[in-house]
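In what comes next, chain A is part of two complexes: it sits with chain B in the first one and with chain C in the second one.
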Partner chain A sequence: MIRLLSLLLLALGALAAPLQADDRLPPAPYAYRQLDNPVQEQKAQALMETLRCLVCQGQSIADSDAPMAGDMRNQVRQRIAAGEEPEAIRQWLIERYGDYVSYAPRITASTWPLFVLPLAILVLAFLLLRRRFAAPEKLS
Partner chain B sequence: MIAELGLAALWLAAALAVLQLVAGSLALSGKAQGLGGVVRPVAMVQGGLALLSFAALIVLFCQTDLSVKLVALNSHSAKPLIYKLAGTWGNHEGSMLLWVTVMGLAGGFVALVERRLPEATMLATLAGQAFVSIGFYAFLLMSSNPFERLPQPAIEGQGLNPLLQDIGLAFHPPTLYLGYVGLSVAFSFAIGALITREVGPAFARAMRPWVMGAWIFLTIGITAGSYWAYYELGWGGWWFWDPVENASLMPWLAATALLHSASVLAARNALRAWTIMLGVVAFSMSMVGTFLVRSGILTSVHAFAVDPERGTFILALLAINIGAALLLFALRAATVTEGERFTVTSREGALVFNNVMLTGILGIVLVGTLYPLLAEAMGSKVSVGPPYFNPAGAIFAVPMLVVLAVGPLLRWRRDSFSRVRGQLLLPLLLALGLAAGVAFNRGIDLLPAIGLALAPALMLASLLPLRARSLMRTPLPIWGMVVAHFGMGVALFGMASDSAFSTERLVAVYVGDNVGVGPWQVRLDRIEPVAGPNWTALEAKMLASYDGGAAVEIDPQARNFWAPPQQTAESALLTRWNGQLYAVLGEQGEDGRWQLRLWWKPFVPMIWLGGLLIALGGVLALFGRVASDVRRVIARDKIAYRRQKQGR
Partner chain C sequence: MNEGAPRTSRWALWLPLAVFGLFVALVLYGLLRPASRDIPSTMIGKPLPAFDLPAAQPDRPGLAQANMATGKPRLLNIFASWCIPCAAEAPQLGELARLGVEIDGIAIRDHREDLAAFLARYGNPYARIGADDVSAVQLAMGSSGVPETFVIDGKGTIRYQHIGDIRADQIPMILQKLQEAGQ
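On to the complex of A and B.
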């Protein structure tokens, strides 16, 4: 039983590996290396620019020297190289780290105002302009 | 002694601000009209005392007086003098002292030179300026005293964040603050005009140079801040939609809208309430920005201290100032009529359209910046970044840029599109041709493609107002408009080109290896150790040759600071007319190879060149208007003098 538990813990530990990235270890293989396939690298780059470096100050993982950002770049590049779709990788990261990791907010119960407010601004702008420009024939 | 002098000056300045508010209000209400005469001198002296207090803090930092807590916490005796100086505002207390100093000086300067407005409006304006200042003086004196002494002088200071030890920092915050806080003058003018109900062309003409001055500094500050992030952070990014960047962008958007609506008010006596509203909004955005940056609600290189008490204090100030201004606006707006009417196809029509679009962008940035904070307060963490801001902002920015090309060609009040159609044919064909060319290139995303097609057409169209004019006789403000709009096109082209055409190489190489990036061949020649005043570094000597041409040496560094201990990557930039090579030295691997990061960024310097052109346009317009004002005053004085002589 104890052995099972410790195995489980080990497995959990492996899952959480990027969070505990060790500064003293050499960076993961694809942290500072591009994929050989330029199409895949472009895909990876576009995705990395929209993922937050969780230990940095408002930077994406594509803009950071932090070891954790390096590990996440490695993850992204390896998964892209293995043929995964960028959005599937984003989904996988969100499941691990929460919505905070993605700079592209999804529409959820807590984020809907982010999408409704711009529409409201657009409608307001339209109304404002229409009122302002209404009835030009009054101009003599 | 110097610390005590600085603190005394600060208290005196705060007391004078109270006097300024009380005397101004009493004189306005008619209870003590004699007091009106003291308001201007008090405002000037208040500004002088604030400056004296700030100068005292600068002296303390330059001497590295370690008995002062702020110096001990943020400076170090081994730091170069320029960074000791810049360290004065590289911390919370010092930067807030800079804030009140600029605010005091702006008020004093207005009191000294502004003579065009009715005296009652001036009194109300200066009282308004004092009202806002008092809050910030109280904030400094009660919760962020920069002159606090330590019971026991520290042996050595704790140093300044190495990221901030850069020549860019020496000028970035003061420039931005002149912009942020300069907008307080627009706010006070708006309050003053609301109180006395004197909203008209004269008010707009009086307010415009102040807004223009603040806007120029904001433009330069944002441009410099973006360039600083670009070369200092070492990854080639130049805008991150970080809340701190947004905090500087929001007042700029509001001030840009305000400048344009003020010119409608000045020329046509229209958009009165709207202009007042923008005056209130612009400085409110400055205060929101200060709250975001200084309250510790964000973790960033700008948030020096995390102290909830300070955050609450600034939030309260924000609520009082913005709340009071909006309340006044709500009470008085009904009595301020909208003014003259005009049609859609007129200069005013285009300006109104762009005002609404700018305000729309402002709304998007505000929502995207504040919502994550709100969500976090309610227990869910979300991130809002480029995938949100870019498309949402573009919805408003693209129509705005199209109208920007047309608007300056239209006449005031009433015009028809058919009159200007002929002139616009060439830019239109250019845009369509580029759009077709870009469409063939599959790898480019939609937004950069729109930018690439639009930018050259915009540059061309922005020059059209000069057509059929004698260039020597064109008034300076027209030149200003042309240069600023041209700068928009230039910056847009740089942004689009960077997104569309940048190439990146991340490689590990041995000394002597060659790397290709875009049209460049870069050779890692050797690695040398170098030492600075408070850091040591490894410097890579790299030879870069463009398209087989002669090699040029570039030397990126990996620096180690020791107080506080931190590593930074100093990038090396090589600029050509058609772009920039960007090189960063990383760490050495176990196999002895060096990590290099190289980018070739075609036309990227145009982003900041465009920003500077926009600011230069502002300078030209400001200079032109002030010069013609001065000429008018001199002419008036001459006439008055002649009449006096004839009268004798």
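On to the complex of A and C.
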């Protein structure tokens, strides 16, 4: 019975295998290879850690083994090697995918409340607390 | 009431709870709303990026940006033989080609033999197929996966992006987008 069951499982596994198909092409030249110039590689690494993988959206392209993330690393490294500035590459990607592709926060028309609100709340809290602590002194 | 605290009206006491309630409502709204994983390209309305891809198959020419501005709207299908939804989409692309729509393809990270087998099995609706082995054109288009289909107008401007496979009931919508791009 167990043998039969394991045979069945094996058959199921064989059926499921094609579903896991992914591309068989070797990774892009600079997907897993660092740049020879350590300064450039450091720049590329810092940028890659703040770019979102588009097919595995919780990871940066530096963290992901998805083929598309490899292609993005390849592109980042080649552009850095060609002398492009990291922020120019980020901008190039934002022009294509929107702010979503970048993990580095930007102050824009829709994000400024995120930066202003905490400051406003701190100021408000400070004013309220000052009133509260100042009041008894005046009374005494 | 008590003498030290600043005078506050009764409703103000409920304010923190109300703010908290609002916050909970916002979180629930965010949690329960069906999330979309699609990343729309921000290249819609912009001209195609410059590219020139080699032929992915011996019987079809490669694809360059210049080939797309033919004066007539075309579809640009980004696909791969290793992509299962692409196989599901093939009959719909075949139907569109039968209806006279011109379709060009970009094969992403694909082996030539795999692609040949895929086209032999699922049909070949493409006028041209470019091979994009490092996703370079895909990235330049703002496309984030396979399959995706772009409507390109006669001047070579990107007019519409369809993310995911084209379903049978979406064919009229695609034809509509092509017609809009032709106006």
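The criterion applied here is as follows: the second predicted complex is superposed on the first by the 97 of 140 C-alpha atoms of A that agree within 3 Å, B and C clash if a C-alpha of one lies under 4 Å from a C-alpha of the other, contacts with A are read in each partner's own complex, and residues count from 1 in each chain.
In the analysis below, a residue touches a chain if its C-beta (ideal position, glycine included) is under 8 Å from a C-beta of that chain, and two chains touch if they have at least 3 such contacts.
No experiment lies behind these values; they were computed from the predicted model shown.
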item	value
Partner chain in contact with A:Q45 - chain B first, chain C second, else both or neither	first
Touching partner for A:S102 - first (chain B), second (chain C), both, neither	first
Comparison of chain B and chain C by chain A residues contacted	B
Partner chain(s) touched by A:Q57 [first = chain B, second = chain C, both, neither]	both
First (chain B), second (chain C), both or neither touched by A:Q75	second
Which superposed partner A:R132 touches (first chain B, second chain C, both, neither)	both
Chain B/chain C common contact set on chain A	57, 98, 100-101, 132, 136, 139
Residue numbers on chain C that touch chain A, as the complex places them	3-6, 37, 39-43, 80, 82, 84, 108-111, 114, 133-136, 138-142, 144-145
For the chain B and chain A complex, residues of the former touching the latter	233-235, 237, 240, 242-244, 298-301, 341-344, 349, 352-353, 356-357, 359-360, 363-364, 367-368, 371, 375, 378, 380-388, 392, 395-396, 413-414, 443, 504-508, 567, 569, 586-587, 589-590, 595, 597
Residue ranges of chain A touching chain B (in the complex, touch as defined)	26-27, 32-34, 42, 45, 49-50, 52, 57-60, 62-65, 98-105, 110-111, 113-114, 117-118, 121-122, 125, 128-129, 132-133, 136, 138-139
Touching residues on chain A, where the partner in the complex is chain C	19, 21-25, 28-29, 54-55, 57, 67-68, 71-72, 74-75, 93-98, 100-101, 131-132, 135-136, 139
